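Take a look at the structures below.
Both complexes shown next keep subunit A, but they swap its partner, so subunit B is in the first and subunit C is in the second.
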Partner chain A sequence: MLVSFLQLTASGLAVGMIYALMAVGLVLLVRAVGTMNFAQGDLLTLGAFVAYWLSVQLGLSLAGTVIGAILIFAIFGVLFMLTVFWPVRKSSWPQAITICTIGASTIIKNSMTLIWGSRALNIPPILPGSVQICGVYLEKQYFVIIGVAALIIWGVFLLFDKLYCGRIMQAAAQDKYAATIMGIPTFITIAVTFMIVMCIVGIGGYLVAPLFVVSTSLSRLQLRAFAGVVIGGFGNLKGAVIGSIAVGLIESYSSYVTTTYKDAVVFLLLLMVLVLKPSGLFGNRISDKA
Partner chain B sequence: MKKFKIGGSLILLVLALFLPQILTNYHLLVLNNTIIYFISALGICMLLGMCGQMSFSAVSFMGLAGFLTAQFSKTYHIHTLLAGVLAIVVTGLVANLIGKALMRLEGSYFTFASIGIVSIFSTLFLNWKWLCSSADGISGVPKLNLFFMTVKDRNQWYYVLLVAAICCGLFVERIRRTHLGRAAASVRDNAIVASTLGVDVYKTKVICFTIASTLAAVSGVMLVYHNSYAVESMFTYDMSVSFTLMVMLGGVNSTLGTLLGSFLMTLLPEALRSFQQYLRLLYGIGIILLMIFMPMGLAGVVESLTAKWRKHLKLKGKGRNNE
Partner chain C sequence: MKKQLSKVLALTLTAGLALSGCADSKKTETTAAPAGSAAPETPAVESQAGNSTYNNDGTIKIGGAYQLSGTNVFQGDIVKEGAMLAMKEINEKGGVLGRQLELVEEDAGETTQDTVTATTKLLERGDITAILGCLSSSYNIAVSEVIKEYQVPLFAMGSSANVWKENNDFMWQIRVTDNYSAKVMTKAAVENLGMKKPGLFYCTNSFGQGIADGVKTSLKEDYNIDPAGEVTFAVGETNYSALLTQLLASGCDGIIAVSDGDESSLIMKQVYSMRVDLPCIGSAAYGTIMNMENAGLDAAAGWYTVSDWSAELEMARSQAFIESWNMEYPDKPPLQQNLYSYDAVYLLAEAIEQAGSADPAAVKEALKGVKNYEGAMSVYTPDTNRSFATTQLLCINKEDGSVGIVESLKFR
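For the complex of A and B:
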């Protein structure tokens, strides 16, 4: 009993951290451009594929992979913003950006299938092997994921709450017009936001790939991240992180009860939260903008 | 203008009545599928175009209604028409409950949650033994019996579907001109203003969602009777994206536009068969280009062109008067 409990906790926490990375990315984008990103899961998959390309196909070392991946992610983030957000930012129809991200999701998914094929690929973990705690073997990759993800999330908090450039980004997100008047270059701040989001999510993909396989089916994880965002309260970074970790743990523990309906358990929980506490567990008190 | 519209629809109707005489059996199958998808797309047209809520869950309700009909008519031997109606009613009730929960979410959060619904239902369609018998679905669903006739071949199906589609189309057009339609439009344009004018935003959204899901259920029942089998792969997320594309290509708030979009979206894969591999990639690029260049779809383009034309004619007429 204890054995499986420890194992489930470790895997739940690790996967929850990955959801948290995606959820943080989602919240940052919601704040910056006011829309949900439906391509988030595909960005995660892209991260996994880029890591596979750099580390397995090109055979780079760990440092080379990380640096190369971050460079590619940053460029791709700007590209993503230029195609999905910039042309439709003044569209009279507010759904336009959302629909563009759906289109981007299809494009990214199918391009990856065309480039790397539809066969699932394997990528070795960053730290191979496992450690023994209380007689339970736990893969080292779990600890790598938890550590790196916690570091990234801490960095995002620091950036957005404490540093000047984070405040600029928040200002540009809250009211673009006023921010422009104050002399804030909105184009650059939004581009940087997209770059950061792509880096966070891409690294998430690199981290999670060894646990599963590298294939386009990884994009299904975005629904869990979304559930985390809703459970934590919309637009709230801390809530999103806690909600996502909760989703990861619940999903993991749910294998005590059922394995076929794992997906359904998470979404039933989501529906319950929506019915009982529509603003989420840590809902913020900012009301709608007219 | 009104005379022109009535005349145009009469010509279309006569053309539609004689269409099966010219088409081969295979083309008739494609056409029937188009009409079935059109009914489901109408629901999305209503929810997205009229009420401004983007949902991907249509496919789940299609599937639920489809599987229920198959079970009712095959396992429980209920009369086929009755089984269909029963399935539609049950699906409508389920949709109402789900809508009540989901409509607490705003805008794109709602859209995301509707994708969650799709994933829950596809798990159910694969694993719930009572509903789907096995992961391979249900085959050998009995033929639809309309009391006075049993719908057997594709030719007969075509006419049944045509009647159903016209009824659903007129129904949606009618709603557009009622209190509900105008309330929905106000919710779409500005929810806060709508609520100050006494529109119950939440209730309007839930009703629109229920009607849209019921339309999806109708099309699901038709699909299952038409193909006489039901399987999970008929009701996937990709399908839902196609429905949304149909509506957006034709024009989000136009019934005729939705019809045109359904035709284009079903016929395009037939025409582009040699590019099968790149098809979904092209769809994706198409969506983004559509949003950038014509966010209101083909109907929007036609509308702005006619408006320009009319202005042009008016200017010309004025010039002549002055001479």
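For the complex of A and C:
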């Protein structure tokens, strides 16, 4: 029983942290541009493919892969903003940006297939092997995911809580017009937000790829991230992180009872939260803070 | 002005998205016959009646209704690659009945409804002699009614017994069906691997359920054994450590795993990382080099598999296929799944030659008469359920990535 519990907790926590990275990216974009990004899963997948290209095809070292990946993610983030968000940002139709993200999802997915082919690819783990804890062998990659994701999430909170540039970005997200009047360059703040989101999600793809395979099927993880955002409280960063980790753990534990319907358990929880507390678990309490 | 421009842009983007979705499902890719083709292409005709539609001087059209886009596009690519290689070889030798073979494709898409739409569109052309179906049996079963209506033979690349249970005279299976594979797997698990309390770990699609049911029946009837544990998962599942933990908690002394593609590599990988020290046997996907590489050769080594083909198969056509494949696709190793469509095309060519006609009804009758046709994967003779392959292999994955043959089984 203990063995099962440890195994389920480790895998649930690791996958939950990936959902949390995606959820943080979703919330940042919601706060910055006011819309859900339906290409989030594909951005995660793109991160996995870029990491594959750098580490396997080009043969770069870990440091080279990470630096190269961050640079590529940052550039792509700006590109994503300029092509998907910027042209329709002033549209009187509020759903325009959402529709554009759906289109972007299709384009990104098929572009990856065109470039890397349709066969699933393999990327070696950052830390290969497994470690034995209380008789259970746990992949070292789980701990890498938990550690790196925790670091990234802490960095995001630090940015918005303590740093001046984070407050500027929050101000621009809350009221663009007022921010512009105050002399805040909203173009730059939005561009930086997209860069940060792409980097977060892209690194998430690099972390999760060794656990699974590098293929476009990774984009399915975004549904769980959506659930985490809603459960935690729409627009609330801390809520999104806690909600996503909860989703990962519940998904993992529920597989002990039912394997075929574990997805149903997660979304049943989502429905219950929506019915009992529509604003999410942390929706009202700390809605004005990052 | 800017507002109007934004509206127009948003509407255009929406329309483009909608049209691209429509375009994907209606995409028709006609692959022209390779060099050597002298006959002009015959335009599609609406009416299916008339032998002249199929027996003029134009190319003989073989339809391909498999995934050309979406999440499962790699399955479609696998079928396409094998088919195109076979057609190229046949066309270079002069074609069939003096006519070149031509592959006409439609995107079977993500859902079974998309597959039905694609197959219907092919059949409505009125000039398709036969159709190559999808790797997944669920999609082939979905088009059974359409095939029956238009009476054009379809070669299903899947192995589910539910295909022949459709009782459709026009649906053929190139592979050994799951009812046989299940017995082979059970026999290997008990007699070769010594399992007395096997744990069943399988996918809940038609393929997984079919083999699992067959294994349970065979365990009970042939060996009076009940599985120690049974854990299922849906197609596309990615996290198997929790599921494997549950299976191992049943106290099983071995694992019988049934799944396709990505799932098989993830399962082998996670079994290895969890240091599970139990004998394991898997379905055909577990012995495919692509899945072995994705799992890691160390993780894949030692797994037994029930396979349709191995590169070590000592058949002349098999070795010739490998040579031809390496010349055509030097960047990727051949998979056993590529051979399904490869041999299916050759079987169709043989049937057309025997029939002396490309008429679907005549080809269907000729397929019934095929006997001991040596392909690259197996020797083919159709049984009463219209399944062609007569042999299957019990294999073991080696550490160098090769798949060794433990035993070759002949069913008829």
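Just so it is clear, the second predicted complex is superposed on the first by the 284 of 290 C-alpha atoms of A that agree within 3 Å, B and C clash if a C-alpha of one lies under 4 Å from a C-alpha of the other, contacts with A are read in each partner's own complex, and residues count from 1 in each chain.
Convention: contacts are C-beta pairs under 8 Å (C-beta built on N, C-alpha and C of every residue); 3 or more make two chains touch, one makes a residue touch a chain.
Fair warning: this is a prediction, and the values are worked out from it, not measured in the lab.
Asker: For A:88, using the defined touch cut-off, is the partner it touches subunit B, subunit C, both, or neither? Pick first, second, both or neither.
Answerer: A:88 sits against subunit B and subunit C alike.
Asker: Once the shared chain is lined up, is A:12 touching subunit B (first), subunit C (second), both, or neither of them?
Answerer: After superposition on chain A, A:12 lies in contact with subunit C alone.
Asker: Just checking: does A:120 make contact with subunit B only, subunit C only, both, or neither of them? Give me first, second, both or neither.
Answerer: It touches subunit C, and subunit B stays clear.
Asker: Could you tell me if A:162 is touching subunit B, subunit C, both of them or neither one (first, second, both, neither)?
Answerer: neither
Asker: Quick check for you: in the superposed arrangement, does A:252 touch first (subunit B), second (subunit C), both or neither?
Answerer: Touch partner of A:252: subunit C, not subunit B.
Asker: Who does A:139 touch here: subunit B (first), subunit C (second), both, or neither?
Answerer: second
Asker: If we overlay the two complexes on their shared chain A, which of subunit B and subunit C does A:216 touch? Say first, second, both or neither.
Answerer: Once the two structures are laid over each other on A, A:216 reaches subunit C alone.
Asker: Using the touch definition from the top, say if A:96 reaches subunit B (first), subunit C (second), both or neither.
Answerer: Both partners, subunit B and subunit C.
Asker: Does the superposition put A:260 against subunit B (first), subunit C (second), both, or neither?
Answerer: The answer is both, since A:260 touches subunit B and subunit C.
Asker: Starting from the residues of subunit A touching subunit B, keep only those that also touch subunit C in the other complex, and list them.
Answerer: Common to the two interfaces on subunit A: residues 87-88, 91-93, 96, 99-100, 102-103, 106, 110, 220, 260, 263.
Asker: In their shared complex, at which residues does subunit A touch subunit B?
Answerer: 35-36, 38, 83-84, 87-88, 91-96, 98-100, 102-107, 109-111, 114, 220, 223, 226-227, 229-230, 234, 260-261, 263-264, 267-268, 270-271, 274-275, 278, 288, 290
Asker: Can you list the subunit C residues touching subunit A in their complex?
Answerer: By the definition above, subunit C touches subunit A via 2-3, 6-7, 9-10, 13-14, 16-17, 20-21, 69, 71, 73-74, 76-77, 204, 231-234, 236, 238-239, 241-243, 245-246, 249, 261-262, 265-266, 273-275, 290, 293-296, 332.
Asker: For the complex, give me every residue of subunit B touching subunit A.
Answerer: Residues in contact with subunit A: 48, 52, 54, 98, 101-102, 104-109, 111-113, 115-117, 119-120, 123-124, 127, 192, 241, 244, 248, 277-278, 280-281, 283-288, 291-292, 295-296.
Asker: Under the definition above, what is the set of subunit A residues touching subunit C in their complex?
Answerer: Listed in rising order, the residues of subunit A that touch subunit C are 3-4, 7-8, 10-12, 15, 87-88, 90-93, 96, 99-100, 102-103, 106, 110, 113, 117-122, 130, 137, 139, 211-213, 215-218, 220-221, 251-253, 255-256, 259-260, 263.
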